[in-house]
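So that you can tell them apart, the chains are marked A, B, C and D in the order they are listed, and the count of residues begins at 1 in each.
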Amino acid sequence: MVQKFRTLLLTCLALTLTASLAWGAPLDAFTGKQGTIDIAGGTAHIPVMKEAAKRIMTANPEIRISIAGGGSGVGVQQVGEGLVQIGNTGRALSEAEVAKYGLVSFPFAIDGVAIVINPANGVDALTAEQVKGIYAGKITNWKQIGGADRAISLYTRDEASGTREVFFKKLLAKGDIATSANVVPSNGAMKTAVAQDPGAVGYVGIGYIDATVKAPSMDGMIPSQENAANGSYTVTRKLYMNTKGEPSALVRTFIDYLLTPEGAEIIRASGYIPLAQ
Amino acid sequence: MLALVGVLLRNGTGALGQALFFDSVPPLAAITGQVPVWDGIWPACVGTLSLLALTMLLALGPGIGCGIYLASYASPRIKALLGFAIDLLAGVPSIVMGLFGFTLLLTLRHSAAPNAGPCLLLASCCLALLVLPVLVSTTRGALEALPRQLHLSGAALGLCRWKTMRHILLPAAARGILSGVLLAAGRAAEDTAVIMLTGAVANAGLPAGLTARFEALPFTIFYRSSQYRDALDLQQGFATTLVLLALSLALLAAATRLQRALDQRWQGIRTNRPTQHADRHA
Amino acid sequence: MSVRESRIASLVLGASAIIVALAVLAVFAFLFKFALPVFTGGQGACILSGVWNPFKGQFGILPMLAASLCISLSALLIGWPLALGLCCCMHGFTPRPLGRFLSILLRGMTAFPTVVYGFAAIFLLVPVMREALGHGSGLNWATAALILSLVTLPTMTLVMDAGMHQTERRLRLTGAALGLNRQQVFSHLVLPACRSDLLAAAALGFARALGDTLIPLMLAGNAPQWPTAASDSIRTLTAHIGLVLATDSSSATYGSLFVAGCLLLLANMCVQLMLRTHLRTRGAA
Amino acid sequence: MPNTTSDFNPTEQETQPIERAARLKHVCTFFDGVQVLHDISLEIPAHGITVLVGRSGSGKTTLLRTFNRLNECLPGCRTRGSIHVSLKGQFMDVHGPAFRDAARLRIHIGMVFQTPDVLPVSIRRNIELPLRHALGLPQADIDERLQQALRESGLWEEVSERLHAPAETLSGGQQQRLCLARSLAMHPSLLLLDEPTASLDSVSARTIEALLQTLRRRYPVVMVSHSLGQALRLADRLVLMNNGRIQHIWNRQDGLPDAPTLETMLEDDTCCT
């Protein structure tokens, strides 16, 4: 029995060792460091943060990283109050926020925000005007814009959402959002809701789009990460990490890690476009 | 209800397995915490259990103590006043309790402990407050439901108030009190709203101490239901609900067994029922 | 030795009572303390108004208060008669094995985590409701109320059952001696004698429905509008707190959190006071 | 042992050999302001059975409970007057300021209630529990007293085989004898019985009565009885109560009244009002 455990332990050690050797170069920056990094904020960032944290903690168990969501607003507030070391936002900080808390921003990726509808919906193209009409509550049935006879159900994000802010500014041009719109608390919840509701219209970060939802073209622009990267899709935003003042050594290492090629690979795998350093 | 469980089982069983708990990390290494688990729910299980233990540790003493106090020590005025306060506390929604934890934290940060953050201890304190009224009122109820004669018997035998309580009333009411404890533990294990605001996060690994953030099963379920990215994630979500369900039911079963054992130890062993019946008419 | 032990016991018990009392005070004091600046700062009128649109400087949370009350009342309307019906089943209106099975099932249901209901309902009930109502998203008042009634059902049933169990034990023999069968004893003697238990169950169910966060957050749609129809997507105070906690801590949005918390406390206090006055007048009569 | 006679502070030492077990002087008891006992003065002889009779509500049970101050356990009760009880050979004021702890009094006064009040524990623990926790006796003494008390109450033959069974499985008569045994095991200075046979069938009642006949020589007994027949059979001293007052006292050596006379007196409540 003991023998078995020992073999198992040895295998584990060996695995860890090979793993750390394989990822050698960028993760080397963490060797010998220890401490805690708490991360909170934008929900779009979570997959990236999680993968990065997984690799770092596997290579160096002395470092503990905790990741919470909550939305961009939470990110600003918690990092501002000093509750976390990194607060993620899916939008640029306002001047008031920077001034109030003394925050420093580190953009690391680009994400597009796209309208999504149920795959069963026949509509394939929308214009910005139509979207404004839909969200203002003026267009209430899909047949008014060439779809089937079905009532439109609106989905929007909560006020703390960076996705909402981008959508609101760049696509709606700060137009009205009807109060009857359903409010969902995250990108994932948006996708779940739209995937289930045949009459739904909502918006998510492009990284979240998969086969369960459909993203119609917008004013002729096809929403995809390539188009967002080359500038032919304009409803985009940057994803930021924010720290209160200059980051500590450990946090700085974490941020730098995401800007290495390995970091870029993680970002790409999560569906975003890495920002070249 | 059965349909609900059925659907959960159908959708969830597929994902039940080692991978659900430990992802790709070898179980032994994961359990001992040598290798952090990221996509498994093992840290959440440990988180929930430690949260539960800490909460009950904090709540049991004052809860049961206050229940006893109200049942037999308090003056009528205090009884009415404190009883009302407890009823009010019982009605505080869990999200408001979470909000309280949050305000408490902000206050602490601006005064005594500038480095305090959301953590296991804070979450347990708020959860303890949440389940306190359950403990107090079931303890009080169980004691007050005992026949008045039992108080008199104790006194007539020359036992003082505390000894009557300790040796006669408490054991007689143990069953009721235990069901209160169970109810409280159940609420503490399932509550999401409180810990959402006071320390539960999506990923933290095994709980690292009282002042660290932690993962918890109910929060993980809530998180997966809104953040899942693919079918596997969803299936794991279902499986996680099954795990939480199993945990709750295990708690229930354990308490029922304990109740039976207590009864037997206290009341004596019931044997040969037929003869006993004959004795009655002897 | 015995004297000392009992003195220590009274001290410990008294101390725990004081701890509990302090805890209650602390909860209320903190929330009111954080809500107070909202009113003294002049945001009070703005928050206690009817429109929520933070981008236009409108921070009214009254629609959410209405939504909270509507959802919990309708959950009560569905759940309470059901609970009463279940109680009848458990007290002699169905064969004994079924009654026993129900009682075990209900006890098990109390152990069901709320979040499980929410999770399952998103994938089971929501599509059904969408089709049944013909329009809307399926995330609405009706869906949330239905699930909430299911969540509060076991608690209400068990509270009723506990009261009835006692009363029935007291009255069964008397009733039987009067020539009544079990059902008649139940409906003519036990039920009227348990009026206050029925009421307490209702109050408890209402309070739990009012205080639940996850079900409305996951199922009611969260649109900050006045509830007008069962298919409306609405936002409760609890869900509002969950959604909005995230915002910048100086705005009126943030202040609205604490006002919402206080409103919930006040609503709950009203229920408690009503229950108490009722019990007292009944007790005096 | 802390609860022995040594820590009593006798307020009144009787010089002559004690001939009485207890003495009440001018005792008045109120419940929520309503007077239940009016100026009761009564002596209980050191030997024999004193039986209290009277109609329902005449204050018999309340009077019985003044001896061990059990009324204080009920809400809203207030008692005035002096109560002296002979405890382990010392005649002491148990209601005065020097005697604060009623529990110390009650371990010396055994009480049996109208309905058998067995604790919801095993037969053995019913007797053990007060011995261990009220008297603090070591296990050896407890075992000895247990057996002795069960033999005294005539239960030993019936229960020695199943001491670990729940006491509730005993018949009513057995339960009542168990309660008696529980009191006897405490070696009481005074035994209070509150209609001990009221809830029993006539055969069980006879068993208890026979038991009391054997106990009367060893313990002073105060007993409430509803049955005039029983009262006349057992009483060495008969106290008739009416409306919270003592109406008449008879001693056996002076002759007890016959049953019809007593019945007439019970029915006639005009004499005292």
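As a working rule, contacts are C-beta pairs under 8 Å (C-beta built on N, C-alpha and C of every residue); 3 or more make two chains touch, one makes a residue touch a chain.
Remember, predicted model here, so these are calculated numbers, not experimental data.
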* Can you give the shortest number of steps from subunit A to subunit D, where adjacent chains in the path must touch? => 2
* Chains touching both subunit A and subunit B, listed by label -> C
* Chain occupying the middle, per Cα centroid -> B
* **Reference subunit B; chain at largest CA-centroid distance** => D
* **Between subunit C and subunit A, distance of the C-alpha-averaged centres to the nearest whole Å** => 36
* From the C-alpha centre of subunit B to that of subunit C, how far is it in Å? -> 19
* Asked: Between subunit B and subunit D, what is the gap in Å from one C-alpha centre to the other?
  -> 47
* Asked: In angstrom, rounded to a whole number, how far apart do the mean CA points of subunit C and subunit D lie?
  -> 52
* Among the residues of subunit D, which ones contact at least 2 other chains? -> 101
* When you check subunit B against every other chain, which residues touch at least two of them? -> 160-161, 163, 166, 225-226
* Which residues does subunit A have that touch at least 2 chains other than itself? -> 81, 184-185, 192
* Which positions of subunit C touch subunit A when the two form their complex? -> 51-55, 122-123, 126-127, 130, 135-139, 217, 221-225, 232-233, 235, 242-250, 253
* Which bits of subunit D are touching subunit B when the two form their complex? -> 68, 70, 73, 101-109, 111, 113, 115, 117, 119-125, 129-130, 133-135, 158, 162, 164-171, 174, 182, 186
* Structure fact -> Per the touch rule, the subunit B residues reaching subunit C in their complex are 1, 4, 7-8, 61-66, 68-70, 73-74, 78, 82, 84-100, 102-104, 107, 129, 132, 136, 145, 160-163, 165-166, 183, 186, 189-193, 196-197, 218, 221-222, 225-226, 237-238, 241, 244-245, 248-249, 251-252
* Structure fact -> Touching subunit B in the complex, subunit C uses residues 2-3, 5-6, 9-10, 12-17, 19-21, 23-28, 30-31, 33-34, 105, 107-120, 122, 124, 150, 166, 207, 210-214, 218, 238, 241-242, 245, 257-258, 261, 264-265, 268-269, 271-272, 276
* **subunit A-touching residues of subunit B, taken from the complex the two chains share** => 26, 28-29, 34-36, 38, 105-106, 109, 114, 117-118, 200-205, 208, 212-213, 223, 225-230
